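Quick one: this structure, given as structure tokens, is what I'll be asking you about.
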Amino acid sequence: MTSLSFELQLEIIHVQAYDGLVLKQLKIEKELTTMSYVYANRGYSDALTGFGSKPALVVVDFQRGFTDSQFPMGGAPMVDQAVVSTVRVMRAAKSAGIPIIACVIAFDGRKSAPLWKIGPVLDLQAGTEETQLDPRIAAEGPDVVLSKTAPSLFFGTPAAAILTRERVDTVIVTGCITSGCIRATVVDAFSLGFRVQVAKDCCGDHDIVAHEQNLADVGRRYADIIDADRAIDAIDQWRSTNDRD
Amino acid sequence: MTSLSFELQLEIIHVQAYDGLVLKQLKIEKELTTMSYVYANRGYSDALTGFGSKPALVVVDFQRGFTDSQFPMGGAPMVDQAVVSTVRVMRAAKSAGIPIIACVIAFDGRKSAPLWKIGPVLDLQAGTEETQLDPRIAAEGPDVVLSKTAPSLFFGTPAAAILTRERVDTVIVTGCITSGCIRATVVDAFSLGFRVQVAKDCCGDHDIVAHEQNLADVGRRYADIIDADRAIDAIDQWRSTNDRD
Amino acid sequence: MTSLSFELQLEIIHVQAYDGLVLKQLKIEKELTTMSYVYANRGYSDALTGFGSKPALVVVDFQRGFTDSQFPMGGAPMVDQAVVSTVRVMRAAKSAGIPIIACVIAFDGRKSAPLWKIGPVLDLQAGTEETQLDPRIAAEGPDVVLSKTAPSLFFGTPAAAILTRERVDTVIVTGCITSGCIRATVVDAFSLGFRVQVAKDCCGDHDIVAHEQNLADVGRRYADIIDADRAIDAIDQWRSTNDRD
Amino acid sequence: MTSLSFELQLEIIHVQAYDGLVLKQLKIEKELTTMSYVYANRGYSDALTGFGSKPALVVVDFQRGFTDSQFPMGGAPMVDQAVVSTVRVMRAAKSAGIPIIACVIAFDGRKSAPLWKIGPVLDLQAGTEETQLDPRIAAEGPDVVLSKTAPSLFFGTPAAAILTRERVDTVIVTGCITSGCIRATVVDAFSLGFRVQVAKDCCGDHDIVAHEQNLADVGRRYADIIDADRAIDAIDQWRSTNDRD
């Protein structure tokens, strides 16, 4: 099912890893080629799940707290790029009439939040500027904007019910942060029975390695890793072959 | 809140990353020191969430399909080590009377599975040997053994209800695979409002880098990264100060 | 939207009601005609939701503990009749290729059960005869048989994910007990975004009044109340107009 | 476990029941005494579940759309009475420091609603007056106010996670409508592992028979049926024996 091939390399790599209770940069000696070989050898696959009969677009946490550099978590360059790419996909989706669900993290008081270790996340209180959609995303008019308290778009929200009512079977994932809320949303979308398509250039992170590692993790298990162009192609193809019900 | 410090290094690192639709080994040039600095700078923290008032132990997917080398996904050395360490924690938990929930992936027919890209996962049909608990884990007598279809212990199971009924507020996570079902279980336990403690030497993966990267991802957001010794200490401390209700 | 009309009646009715903490038979004086008039007047409606594009059949708790008179909760005449009618619908569904999900209540130990006030429910331990499907239901070969701990088919099970993967938008509900697990399953199916069709002669209860009252409750809010004949007609119609995907 | 006894009565009762597809008032001849006898005989019980170690108060849908008579569903006398009684319980809860979670039905656009058959429910769009808490409830300052789309407080909300984080094991239920959202909330609270206490005079319906029948349904299966006085007593008792954590 897979045809991964790698040149052999013995290498010292540096990763973030826990040394006792403390997160550090550590050196790990390993044969790099085994990094994905071990998974392919176990039956993990990058064979595509593909698009099904009806896609929806989800846009995760493109709120000012993450996109506006005036806020502590805001303004990562990869996130900004991802907003620009996502707007392109939103336009195709809007034009084709496929559902667009956006979400933001927003708490009604501190008691409603789980025990986030990221201090500034707890400041995402409903009604603050940090919980407003990025203006570029808001301008595209998502069909529904949901508030959530946890990493996944689907946790503690009616998102799955909305998609079920629309008979959606494929979820295109965009948003931020790849190694946090995107990862969680992908896992839930998969668990809920959807075909999952992650548009990688529509997802942003603070760190490229965490971004890539998480896409690799989900790409060999749960989801197809695509890009904005491919998402738009698939949406256009759906549009040309479907009368919307 | 954090005191991470790193020496500066400019480095070419090799990671698994998607090149178009294909997962490859890619070289990424980056300042390695920024790998976690960027997160600390954004407010991510390794300050500990800590243990609360009542812990439970969850043991994820230590089933023969993953622990027995006669099966395609079975027998990774890190997984085997993790079983041994988990048995130690199970004994402490059992002795202290804290709840132990184990789970296995097991499907009732192929229609009940989500769209796993890992072929051998779909062979984990209820009643097969691959869905039996590893004998070393079974011998410790977990209180409840749940079947699941998705990565997270909590998805499509009554696990959260069982913990709520027991008034548990802290979940110690063990099992496999770190970059798959452990990651998903940690995110759900966190989202559900629990304090999450991941015993890193009780979790196994096929690949050390994926293992470490996922612990780093969750350790700065959702969970404390501990080890078997610390889990046993915390359980013993709970035992000494509590009459069980 | 509704055209309910009733003749006026002043009446003393007898219902089960709590007098302090004790459930008693009480007399309630009321204008009977207002019983549903008040709801219609508030905008409640029996206008039909209708069948959508793809139905599934769910068969709730037709297990020997409820259908076999040798067990304390077993053998209510209305339940027995409902099994017979459900078998007819299962055959139509099987023949048409629409998914059939059955479930049973079954616990893995007493810790996995919520705090049921019905003593014999707690005896529905996995592996006992009470948790076996009624042989008439088993003989029809449901696609998936799920175990659950709570009233709703959807609680703590992957049922919704299975239906999402099959692109189902309409759920035909059968099983027992109408005023317990059927009611809960109907509410969840509705909340999850499905069109809900309750086949009233395929649902059984110990008491006709509780049965009817619960159908009335859900029929004016969440679901269409149909019967086996209408379910079979709808299934046949779906079969004639669809190539299955 | 139960000692229900009834005098024998042969009676013609009138209930709302479906005659074909149409909801009508029908006469049903039955021995009234068997109404609950059949359940007691099957092991159903009104033995009390009781209060556990830490209660929370939930206040369901006391929003102007249901409490203000200017709106189509608003102003049922029983609902108004229930608001008054609930305020008393809220004051006790606030004073004791137990968590109070309120919720309202509020949709972000019509696509986010399930297929409600009650027309005016679909008008409960976020931002409208109908979705504001009743001023008497708002004045008591619930800790968290959640928006929901479905009958149950717990569906598509983080309510369970909030209660888990607070180590709550007992849920006191108040609100409206008894035969709709209260019923659904009770079933979910039970399924989630909580002890459930329904304060009957704090719950309102449009119709007394539906109110009583639903309390009877849940009281013999899932919940204790109490009243405001008993809820306040239990809260005061908790307050006197606990230092809040």
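In order of appearance the chains are A, B, C and D, and numbering begins at 1 in each one.
Please note the rule applied: a contact is a pair of C-beta atoms (placed from the backbone, for glycine too) under 8 Å apart; a residue touches a chain by one contact, two chains touch by 3 or more.
These numbers come from a predicted model, not from an experiment.
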Of A-D and A-C, the pair joined by more C-beta contact pairs is A-D
Chain A and chain C have mean C-alpha positions lying a whole-number Å distance apart equal to 37
Taking the mean of the C-alpha atoms as each chain's centre, how many Å separate chain A from chain B?
21
So which bits of chain C are touching at least two other chains?
114-115, 149-150, 155-156, 158, 161-162, 165, 191-193
Which label fits the chain touch graph of this model best, line, ring, star, complete or other?
complete
What residues on chain A touch chain C, complex-wise?
52-54, 158, 160-165, 167, 169, 191-194, 245
The answer for chain A against chain B in the complex is residues 1, 4, 6, 9, 11, 13-18, 20-26, 28, 30, 32-36, 38-39, 42-49, 72-73, 76, 114-121, 149-152, 155-156, 179-180, 183-184, 187-188, 190-193, 195-196, 200, 206-210, 212-217, 219-227, 230
Contacts from chain B onto chain C in the complex sit at residues 99, 108-109, 111-112, 114-115, 143-150, 155-159, 161-162, 165-166
